[in-house]
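Report on the following structure.
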Amino acid sequence: MIEKLCKILSNNQVAPDTYLIRFSSPEIASEAVPGQFVMLRINEGFDPSLRRPFSICGVEGEDVVKILYKVVGKGTKGLTYKDAGDSISVLGPLGKGFSTPDPLKENFLVAGGIGIAPLLFLYQKNKSAKIHFLSGFRTSGEIIDPGTAGFDAEHMIATDDGSAGYDGRVTGLLAEKLEQYKPDDTCVYTCGPHPMLKAVRDECLKNNVPCQVSMETFMACGLGACQGCVVKSDLTAVKTPYLHVCKEGPVFDMNNIDWESK
Amino acid sequence: MTDGPDISVKLGNLNLKNPVMTASGTFGYGKEFDSVIDLNRLGGIVVKGISLKPMPGNPPPRIVETPAGMLNAIGLANLGIDGFLKEKLPFLKTLDTKTIVNIYGHSIDEYAELAGVLKGVDGVDAVEINISCPNVDKGGLVFGKDPEVSARVTEAVAGNTDKPVIVKLTPNVSEITVLAKAVEQAGADCISLINTLTGMAIDIETGKPKLGNVSGGLSGPAIKPVALHMVYQAAKAVKIPVIGIGGIMTAEDAIEFLIAGASAVQVGTANFVNPKASIDIIDGLIKYCERKGIGSIQEITGSINVDK
Amino acid sequence: MTDGPDISVKLGNLNLKNPVMTASGTFGYGKEFDSVIDLNRLGGIVVKGISLKPMPGNPPPRIVETPAGMLNAIGLANLGIDGFLKEKLPFLKTLDTKTIVNIYGHSIDEYAELAGVLKGVDGVDAVEINISCPNVDKGGLVFGKDPEVSARVTEAVAGNTDKPVIVKLTPNVSEITVLAKAVEQAGADCISLINTLTGMAIDIETGKPKLGNVSGGLSGPAIKPVALHMVYQAAKAVKIPVIGIGGIMTAEDAIEFLIAGASAVQVGTANFVNPKASIDIIDGLIKYCERKGIGSIQEITGSINVDK
Amino acid sequence: MIEKLCKILSNNQVAPDTYLIRFSSPEIASEAVPGQFVMLRINEGFDPSLRRPFSICGVEGEDVVKILYKVVGKGTKGLTYKDAGDSISVLGPLGKGFSTPDPLKENFLVAGGIGIAPLLFLYQKNKSAKIHFLSGFRTSGEIIDPGTAGFDAEHMIATDDGSAGYDGRVTGLLAEKLEQYKPDDTCVYTCGPHPMLKAVRDECLKNNVPCQVSMETFMACGLGACQGCVVKSDLTAVKTPYLHVCKEGPVFDMNNIDWESK
């Protein structure tokens, strides 16, 4: 893990409000596993001051790291002002990633919106496995096309309003697909907004399918030091009442999380 | 240059190789930053506040960013004194820096007991008393808001320890000097300030507080001017050394606190923004001394020039 | 849309067309912003603090920027009550907004005398008492730090005026609720808070304070979390209306204060950053009410949801 | 006077640490007089939050306003990140400018470093007057060439280290020049760092020459509302103890300022 100024190679819009930033870091490119994240310092001033966490969405060759991000507030807005050639302070790779997909199983990657980011990296690193990549968006205009971000991932799309692909939530699409396989032969990996994660978990629970969830919370340190990033744990599965997303996560077994609290 | 400036400082009988410590709650138990910086360069590490029993902490969300600062309501989550001694202290003992244990209790007796447990423990170089927490015996009133109660906590700890005692003051008071003098008289070897200012934030879409605990503590550059003024006032009011804390992000900030009267500083929120902040500050202090021809950093302490 | 939401508010018997006032000391006497915004759109203008006699103010530098905030040590420079009535009030009277006169004295008698001069004066809609200044009778101790003295100032003014009395609280106290209750009982019609937090900054090259007056008042976004929490606490403690002040830059900020319990707000430092801030905030409040289907803005006040 | 988002036309480095920014504002371009200034908002965040004051250094045609600025801290640094096409919030024109040079007199414009900015505008607006433009820099490497900023002003240069032009401070050069004219026929206009202004004032006092000085202080509002920007006045010339640089200045008769304080 490093904290370094990294040179930005490109920072371009790839979908509405969605950008792909590429920077150079041999250390992170070689070390990172899918599901891990980095903390980026947005600017020199102190508004905003805290770093922002972003999943690694892929690496290129020996030293290029890629982040796919959506503009939702001042930090992500500030990030769009960075140009190729500028430097950015990067801390990472951080956290625990996804466990490696079993090549003998049917692996379902289920993305909600920008949650596609870590799953693209998981896909990239596991091309030989049997991967079903499902991703949900609110509407066709918001679809993030992996191709524009430099990925050859083929994904089945669901849109809430039915304007493209499967008509409905991605969990509906998942339910349809899961029916076709035996639970013991399947595994789900998911990332997206909290309500969607909960729906995916419910579906997996119903079908008795194991599921790894990538969680999001506010973070300050990213290093397990501040204890700011906790989620409630399911005390029937875990001994401690809270789990630290930055250190024990961001990827968790769905059974370790208390999905009723928020 | 073979002979750099002398940046070591003496806080009573606690000697630090340089005046830069990391602040409680922002640096875990040291280990968390091990792969990012050389911990042996630090003047000291103040560990996360420790209580007698393990504490789970507050429900999330526990942090929220604010302009040039952040609010936290961690709820003093920690693994308890026994867990600390068993799981965390051994690593800290391997380091060439000072370990300061920040303690908090829910009653005066708990503070005294904590001091007792730490008595004679090798590898613990000082005790810092966090009095910015609710006093169960007094219906949840914060200990540190009452100078008399603060004095009694100080006495209880000082009377039950063989370590230097640092009392960490809350800024949420009318007269910081009254508090500072009260704990000095009660036997504090040193005071540190400031802890966080109480604040809150509200989500206007839901009408709910943004912190699970409703209110929290404000830290970061936003509070630096307030911290600096309190350190200035406190340093004039007491004879014991003062440790400056609050929004210190750079060497320049640290120097302001030294000039105002601090003998050392603690770096908190800066560790999140720049995990190397403490090291950058140490380097900056050395450069400043060199540029200004200052032989010993202790000369800076209290050198403020207030002639109008 | 023909019928917008009702954004008028009642502060006791002071009726404002909307809850947005400009804060004392940040908006001069209104005229200064005349060419930038339509002053008639404001809920009210609180003028710069006025004393009995003209005051020159502090030596420069009087302001210094800090992260997400600023320190000021203007020293309550003003042209005195007579000058105000002769030179400034006539313009304010031509406006379709409320004029609130912020007053301060060096003794309780001076406050009473100021209230007396304003008695019956046409065009003065309310008096706001600034108790965050040094009490000459008490060796320079700030009036507002002592609840009892604050109560006596309030009584002295309330007993000598025919205007609504707003008491503006200092945040540099241990318990804002004690202060709030004290002035409520003493006859305040309304409280406003917060005034600035005390702070300082030091020039590390010269070792001198950056402000001519050594210390000053911190304002701006940096202090918003502290202000919001104090407004929340004070609003729970008193029955009279509360005016929220401190770091309000946007409509979202203003809404947070209303949700926390404020009936109206004052916009200060924001006027410097964005001279149109107060108007933008009024527009933003209307939009928020429309979007949320809120018929009257008064519904928002105190609507905070603290169920955990 | 307006407060508006203005389109940036260019923002280029013209000398070491020195930039020329041009933006479009017909209102300011038509209204502004030399010596007046604008307050620029640097960014959307609040660090820094206060606007920064800059003299207008010239106008082009009907709607282009020019600012010459030197990078000294985070505000001016932030300004360098602005690109052509971006917008910037501008408040102005503000303050009282120079009084118009008397065409019958010898007018000396005395600049110190970046203090050249308002004097360039004064020069531009008074080409028919007899202008002697003297400017001082620390060293030849720091010279701001009016040509690179689009001005045809010819100036006599002084450098403190003698690396170009007159060897010594610009006040030395001024002293030499003033000797050649009758005090009654001369007038001085000056802008620069405080110690230099004081030296110019001393020279003018000695020679009995009238002098207008453009002063700098920290400012919050720029509108005369906050009273933050004061300088001590000379009570033998002025009735009030302090003068507001933003409103009663930034240009003052040298006799109105208390030069001993500070």
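The first chain written gets the first letter, and so on, giving A, B, C and D; residue counts start at 1 in each chain.
Basically, contacts are C-beta pairs under 8 Å (C-beta built on N, C-alpha and C of every residue); 3 or more make two chains touch, one makes a residue touch a chain.
A quick note: this is a predicted structure, and the numbers were derived from the prediction, not measured.
Between the contact lists of subunit A and subunit B, the overlap consists of C, D.
Rounded to whole angstrom units, the spacing between the C-alpha centres of subunit A and subunit C is 46.
Our note on geometry: subunit A versus subunit D, Cα centroid distance of 53 Å, whole angstroms. Mean C-alpha positions place subunit B and subunit C at a centre distance of 34 Å.
Counting partner chains per residue, subunit C shows two or more touched chains at residues 59, 67-69, 220-222. Under the contact definition stated at the top, the residues of subunit D that touch 2 or more other chains are 45-49.
If you draw each protein chain as a dot and join the dots that touch, every dot ends up joined to every other dot. Contacts from subunit B toward subunit C in the complex involve residues 59, 66-69, 71, 145, 172-175, 197-202, 204, 206-209, 212, 214-215, 218, 220-226, 228-229, 232, 247, 252, 255-256, 259-260, 288, 303-306, 308.
Residues 25-28, 32-33, 35-36, 48, 56-57, 59-65, 67-70, 72, 74, 77, 220-222, 249, 269, 271-276 of subunit B are the ones that touch subunit A when the two sit in their complex. Touching subunit C in their complex are the following residues of subunit D: 1-3, 41, 46-51, 89, 91, 217-221, 223-232, 240-242, 261-262. Those residues of subunit B that touch subunit D in the complex are listed here as 67-68, 221. Residues of subunit D that touch subunit B in their complex: 45-47.
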